[in-house]
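The same chain A turns up in both complexes below, where it pairs with chain B and then with chain C.
This part shows the complex of A and B:
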């Protein structure tokens, strides 16, 4: 399979180059999404199926639709804004020389790397039966390095709060200035595909305990189902959030902290779980994380405080 | 480490170089965000390669770090996109009267 890998690596390099140098921004974004999918494929080849799923769902899917929607808003608001012309000839040549030297140095350093045998991962793999979960990456994320994941949820929440404070909604009202006609595809997509996508999302969260998958991948797929409903105009972005929605947004962080604090008197440390209960607790935490991640990503897409169902 | 040079090492270096080039040469904020994300993908690819070259199978800890990184990169980019939308439509609104609100 070395030939396949080489072609894939070459494709990644070409796609990245074309995405950056594409004359028109729209093409650049589409090439970026393609690059994300190729990266997902290559990471699956590199024994990282979790990351391949995450890249396909979050890096290519959600980020792609965010970029495309923002491009459309800019196009409509100010077609000629933001100088799109590339830098001058001299600057570009300097940049080519600089980035070639940089890339070459990275390649030399990477191929000259001596990988030591004492690594934290060996410890993690050796004590996997203590973690209560068979999947090494999920065990690291939710148990061994749970502080990272807790703070990561905080970052996601902060990004959402920041985006909401700026108040630049993408999908504010369902038919606001949109001239697209109701397509017959929409009802099929909403009625047939959405349940399947939701099912895949829930499965991915559940599968995180024993195979590739987890709260982030599953949450992103669930957010994708929401985006699908928004685009099919079954949902719309709304300015007023209910208490329930706010509660669901912070559910992941809250579950993490509450479980961590409640068990402190017995375990003697924050975020330490008793061996008997660890599996149940981690599944509870994982599902609460997935709910919060799905809602946060969906609201990052709409740019509004809430989403509501369209009453037909 | 593998005896045959892994082609993905070159891809990682190319992603880093191209991302850097795009960030330096472009002035449009969306293009800069694209370039930063390509650079970030190069970093992720490097970490995944190092994890794979570890003796005894892929190391779960760099994988977990990359997973965290992907989510944080998307969060930060979404925030950046909201800023771009706001600033560019705001400049537009200064020139002509806002027609709806």
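This part shows the complex of A and C:
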């Protein structure tokens, strides 16, 4: 496997180099998506399946779609690609030398680190019985350091508001002015693949309790199903959000905060769960997070305030 | 009850912001104002409790560090929370004018502003390196969309540049956190100190990344280039919050790290270097402020300069310097918010902020120009304002430690500030006694004029409230006296 790992490492370096130096934006994006897949593979080789799943679903999958759809909007809004003046040679060389020296220093410093001084990690593994969930990663994300996860949901909501503020004037409407024909493949894709993708997504959320998976990975896959439906024109982006849709968008963070606050006087600490209820509460929180994550990622893709089903 | 207050200080505004997003324009303006009032009340209770009982801690989820995350309200956190509450209350009232129910972006403004308030409180209360990273992201990602509210297309370039710098700073900081975790096996501020103090390459690199990342976010020269366009073009209420609180939060982190996790590492060379960056910021920011043609950019460059004073703590590093640097942060926050709100009123009335075309503002905008003048007294560091007390403390620290060159920086900085402020006042008052501007907007209503004025008055009053505030702050951490 050493050979495989070396090839993988080399490939990652080359892909990273190429995606930065690619002559046009489109090629750069495609190379970046490939880079994401290789990174996911490298996480899998490093025995971090949770990270591998997250990287594949979000880093390579959803980020790739977002970049490509942005590229498309850019093409339409201002078809003057490549007109940006490249930086001067001096600046570019400075950047190359600076990043190489910095990267080298980081590598040397990390190489010298003592492995096994991971106090918090060891303590987390030792306290797993108390967390109410067997999977260490999920236990850290939803129990030991649930506060971080909760705040990250706030980050996602703000990022969505910010993206909508910029993008809603340029909203991408798949069929207006799009010349693609209704191909027979589309209905097959929508009918056959969507249920499978949804099932995989729900499974990933559920699997977070005992294996690799969780709300972020599962939510990203569910969002992928939504993107599939959008591209097959079973869904479309819409300007007006209903109360229900906005409710689903904030479901995760609201459920998290409200459960935490309601239990606080009883348990004596914010986000402390009573031992008997911990599993049920964590599953409820995980699924509400997944719903909000999936919907937020989908709206980031459409750049609109809402999505609606097409009535046929 | 007391130990729950830090949680409430974070989650009242955060949940309020989320529900504002859910409610849309239905809840305006009662809902956000109620949330703001509750938040202010909660922060006042918390600050009162810290003042009488000392630090308050809350282990989230009941998990103690290194496993879990602590919220901690100590003196430094308490004074920053208080500043946020004061500026936040004034901005919330002011925003009823430009971001009332009639404005199309009102929902987004109030949702983002409440989220930003909660995020700032979360940042000040956090005692965990990675959690601070998350709160920094929260603060940045709520601040950038707020900049975008200036109107379609106006601030997109400024916001994107802000985003690029902020993300670069975040990644640098995150690298520092990762290396620190590798060294210490913990992320709690109180537990990582010994591992970072060992002086190896990794520890030095971690400290460098933590400081460097925060410096970018704090817009310290030479990483200041994103600040003037973002702060100079955002809506007035947003500029006030960004300049008074958001960049201040990053400088707060520098003070926090230097006195706690990095305390064992603090080398004199790094301290002098940080001081030199501060001096560069003071000179460069002030000179640029003097050269601007737009009022709002003068105020924005003034922020670049004023943040430099807080960095003078590092080379001086005695109790008086600590008090002076923190008090400077508070005084500048109040005064700068007043300046931006007053500037917003000028723009609302005149329709532009080109300095050379501003004249005869004294009559219709009397209250706002009065506020501008009061806040300027503090920015220039004239007695009896809060800015004077802060600079006096820093000056005494420079004399006490025998580092006369920092005293020179302080004095020249004050003169430069006077120069750019008096240039503005000259245009507003004296330039032409003739008629006021040609096209007049509506005279700003009381909701828009009074918050600026009260903040300006407070900036002066802070000259007299230093003793109780510094008692709350509670002295330089780790100092023997």
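As a working rule, the second predicted complex is superposed on the first by the 296 of 312 C-alpha atoms of A that agree within 3 Å, B and C clash if a C-alpha of one lies under 4 Å from a C-alpha of the other, contacts with A are read in each partner's own complex, and residues count from 1 in each chain.
Here, a residue touches a chain if its C-beta (ideal position, glycine included) is under 8 Å from a C-beta of that chain, and two chains touch if they have at least 3 such contacts.
Just so you know, these numbers come straight off a predicted model, no measurement behind them.
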item	value
Partner chain(s) touched by A:261 [first = chain B, second = chain C, both, neither]	second
Touched partner set for A:246, first chain B, second chain C, both or neither	second
Which of chain B and chain C A:110 touches, first, second, both or neither	both
First (chain B), second (chain C), both or neither touched by A:42	first
First (chain B), second (chain C), both or neither touched by A:272	second
Touched partner set for A:211, first chain B, second chain C, both or neither	neither
Partner touching more residues of chain A, whether chain B or chain C	B
Contacts of A:148 with chain B and chain C, given as first, second, both or neither	both
Chain B versus chain C as contact partner of A:124, first or second or both or neither	both
Those residues of chain A which chain B touches in one complex and chain C touches in the other	106, 110, 113-114, 117, 119-122, 124, 145, 148, 152, 155, 158-159, 162, 166
Residues of chain A that touch chain B when the two form their complex	2, 5-6, 8-10, 12-13, 16-17, 19-21, 25, 28-29, 32, 35-36, 39, 42-43, 45-48, 50-51, 54-55, 58-59, 62-63, 66-67, 70-71, 73-74, 77-78, 81-84, 86-87, 91-92, 95-96, 98-100, 102-104, 106-107, 110-111, 113-115, 117, 119-122, 124-125, 136-137, 139-141, 145, 148-149, 152, 155-156, 158-160, 162-163, 166-168, 170, 214, 216, 293, 297, 300-301, 303
Chain A partner contacts - residues on chain B that touch it in the complex	1, 4-22, 24-31, 33-35, 37-38, 41-42, 44-46, 48-68, 70-79, 81-86, 88-89, 91-92
Touch list for chain C against partner chain A, complex	4, 7, 11, 14-15, 18-19, 21-22, 24, 58-63, 65-69, 105, 108, 111-112, 115, 118-119, 122, 130-131, 134-135, 137-138, 141-142, 144-145, 148-149, 152, 156, 159, 175, 179, 181-187, 200-202, 205
Contacting residues of chain A [partner chain C, same complex]	105-106, 108-110, 112-114, 117-124, 127, 143-148, 151-152, 154-155, 157-159, 161-162, 165-166, 169, 243, 246-247, 249-250, 253-254, 257-258, 260-261, 264-265, 267-273
